[in-house]
Amino acid sequence: MKHVQSIIAEMKDRVFSANLQLPKWGLVQLTWGNVSEINREQGIIVIKPSGVSYTEMTVEQMVVVNLKGDPIEKNSLNPSSDLPTHLELYRSFPTIKSVVHTHSKHAVSWAQAGRSLPSYGTTHADAFYGEVPITRQLTKEEVQDNYELATGKVIVETFETQSLDPMSVPGVLVNGHGPFTWGASVEKAIENSLILDEICSMGLMTESIQKKENTLPKYILDKHYFRKHGATAYYGQG
Amino acid sequence: MKHVQSIIAEMKDRVFSANLQLPKWGLVQLTWGNVSEINREQGIIVIKPSGVSYTEMTVEQMVVVNLKGDPIEKNSLNPSSDLPTHLELYRSFPTIKSVVHTHSKHAVSWAQAGRSLPSYGTTHADAFYGEVPITRQLTKEEVQDNYELATGKVIVETFETQSLDPMSVPGVLVNGHGPFTWGASVEKAIENSLILDEICSMGLMTESIQKKENTLPKYILDKHYFRKHGATAYYGQG
Amino acid sequence: MKHVQSIIAEMKDRVFSANLQLPKWGLVQLTWGNVSEINREQGIIVIKPSGVSYTEMTVEQMVVVNLKGDPIEKNSLNPSSDLPTHLELYRSFPTIKSVVHTHSKHAVSWAQAGRSLPSYGTTHADAFYGEVPITRQLTKEEVQDNYELATGKVIVETFETQSLDPMSVPGVLVNGHGPFTWGASVEKAIENSLILDEICSMGLMTESIQKKENTLPKYILDKHYFRKHGATAYYGQG
Amino acid sequence: MKHVQSIIAEMKDRVFSANLQLPKWGLVQLTWGNVSEINREQGIIVIKPSGVSYTEMTVEQMVVVNLKGDPIEKNSLNPSSDLPTHLELYRSFPTIKSVVHTHSKHAVSWAQAGRSLPSYGTTHADAFYGEVPITRQLTKEEVQDNYELATGKVIVETFETQSLDPMSVPGVLVNGHGPFTWGASVEKAIENSLILDEICSMGLMTESIQKKENTLPKYILDKHYFRKHGATAYYGQG
């Protein structure tokens, strides 16, 4: 038991810090965002409580749930209402360790426009191997039945239909809603949120001035993505 | 009397803090904004003084008026020149407890364009149940007669004509002018100002990139609005 | 002499503080801006030194010149290269007491587009009584002969040709260059710089979303301008 | 040896400070940028280490390399992966002393649009004597062979083909990638990064509102560039 307790404590620390990073980076207003982390061996997930202000939130308030989403600590606060989306992503994408949802304004704008984000440049290619996909709109039945679960399912459907690897395309735009990102760690997942918003902002401005379509050639996309990721990466300190 | 004094002191505290929140959130420049709160039982309203700088303003300077707008404290400063607009809103919308006016730049841009804000996404739907309406332009007579009162009246007319509930659409864009928002508390009213500016900004960007109209389906609007508001809400800590 | 010295010291204080306000308000980058103040009785002007960084500038470095622009203190730094523009404005607009020049980005964008700023809303009308005019481009001869003086002259020409009153339209956009503003005090002049940049930003966004031209009716322009300015003003604490 | 050690120490100080300036000025997110400085007499270059966070970076971590790019200190970190681009610029542009690369969002947007930046105003003319050029896209072979070196070569090719002087046009937009700037000192090189991003932002907004093309006449470009640069400059303290 001691072991699990210290694992949980460390998860709470990371999830708490990551949640606080979101307003600091300008990615959330008010309570519009949530971060979670999974420990697959222990079968537990730590996630932000629902509707709690970032300025009043404490590390103890982070909510611990099992893989079905049931809180496993006494007197737990309600988990983020988006928890079923996170759970579906953890179930379907076995390599991811953290999920982040924000309403960052530039990413939301692409989601609201119902458009995937084209890979216009190397800033994009350094983190996302190809377009950031947009989901289809949910149907009335999906929304009324189990909305947050359906949101997770439509993300998974998007990746399956387009044969995308969630580790090389670590994020998505949910139609009419906003971005979800993920990664091999909490740090990577929130970094991907920042990058996604930044490239969405650049994409907006690119389209406002471009005279003809100028997306990145596939061979530069390959070069930039693989110099940072994969077996032959040479960016960073190795 | 003691009772009323402490009610007033608490109202001044809240109105003062809320006014200071506006520049902190980037919603006002210089002196361009004002917050008020009503206590309907006591028949008093507390509002920002007119033209006083946010950096020099003190809690004591908050102006206390009766429902006709007459100051009820000795040596009171002049209330915000927009007071008659606030009064009209309090008279016509009996459920609201606070009114906020800003010249936040994204909301002003929609007001200046003479357009209501379509509900493009869930960020919008979480706070506004449908379009944020634009008023008609005031006539010459209305402007010359009692401009600030007429501003209140045209807001009320807009809500009546379109059968809107001010509690589910807690704000409006006054044509050529800017946003007014309100709520069941000072905190909610200023939060609605922040949200309105943010969704106006997202709406601007959405329109600049969208290839075809992509407003939120009614059933998602319903879902998001009612998961946060109303009897069956499940967002937050209940 | 004592009297003049203390007048100069106070002018230096105000001009120094106002210059520092510009980067604080986000209106200048690097050294791109300058503020001056005139004392017409003493026939002296205090202005920012040329090319000195805002982070290293001291109050003593403010440059004191006579109406011809000659420094009147020993070991004076070079005055801002835009001094001849300021001098021409002081000569031709006898009611102004301070001049501010910035390269604030939204105002520069209108200047670069070669367009005057339409009065789209009440934020504009509160400070500028009608369009903010754009000058014509300077001719080759004007630029080569005495560029900075010619800049002042083309501003004056713009106001004379359009019969504008510099006190009710306290600023201008110099074609291909940027904004100059002024006022009855240093505080008013820099406030007008802030307002001009803000309404230029709002104007940009307004035009990006408007479906038809929606400039402010003349009677609302009148109402807003005169409720803040002139004999019948009732905004502020009187 | 003592002499070289103190030269290196001073270079590390300057390169370290300049790298920290980039996030402070809002020009980089995460680790997206790098600054280097050359000492041509000693044949050494100091550059940021690859992929190290700006918040954890120390002055000692700055990487010292020779003109071939080989680290000359023991236990050196990996230099920025963009080092070969910097080296090519130092080889081909003998007058430059520092190179800066960022992914600043407005400059990236022009790079992604595949467009050179027209000289729309005097803010531009004060620092760049004419358009900021865009490179052609690299070919597949160039990218696969030695990408970072090819990036340097295509910049040099752009300047040679258009007969541009790197000291009067101290920066470039690499197609689909982003800006590189340089200068006669580290301070000038990072200043040029800031200016380039600012004028890219102004250019974006200018194009969104201009009704007809309004680039700066050649004689104003000359005037502004040469009043700040060259033998007859009179801007600043001389």
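By written order: A, B, C and D. Residues from 1 in each chain.
Following the convention adopted for this analysis, a residue touches a chain if its C-beta (ideal position, glycine included) is under 8 Å from a C-beta of that chain, and two chains touch if they have at least 3 such contacts.
Bear in mind that the values here come from a model prediction, so they are computed numbers and not experimental data.
Chains making contact with chain A as well as with chain C: B, D. In terms of the distance between Cα centroids, chain A is separated most widely from C.
Under half of the residue numbers found at the chain A and chain D interface occur in both copies, marking it as a different-residue contact. Put simply, chain A has to spin 90° for its C-alpha atoms to lie on chain B, with the angle rounded to a multiple of 5. Chain B and chain C have Cα centroids lying 33 Å from one another.
Here the spacing of chain B and chain D, counted between their Cα centres, is 47 Å. Across the assembly, chain D contributes 203, 208 as residues in contact with two or more other chains. Contact annotation for chain pairs lists A-B, A-D, B-C, C-D, with touch applied as defined.
Interface residues of chain C, counted against chain B in their complex, comprise 120-123, 126, 191, 194-195, 198, 201-203, 205-206, 208-212, 214, 216-217, 219-220, 223, 227, 234-238. Residues of chain D that touch chain A in their complex: 29-30, 32, 49-52, 77-78, 81, 103, 105-106, 108-115, 137-138, 140, 143-144, 147, 175-178, 203-204, 207-208.
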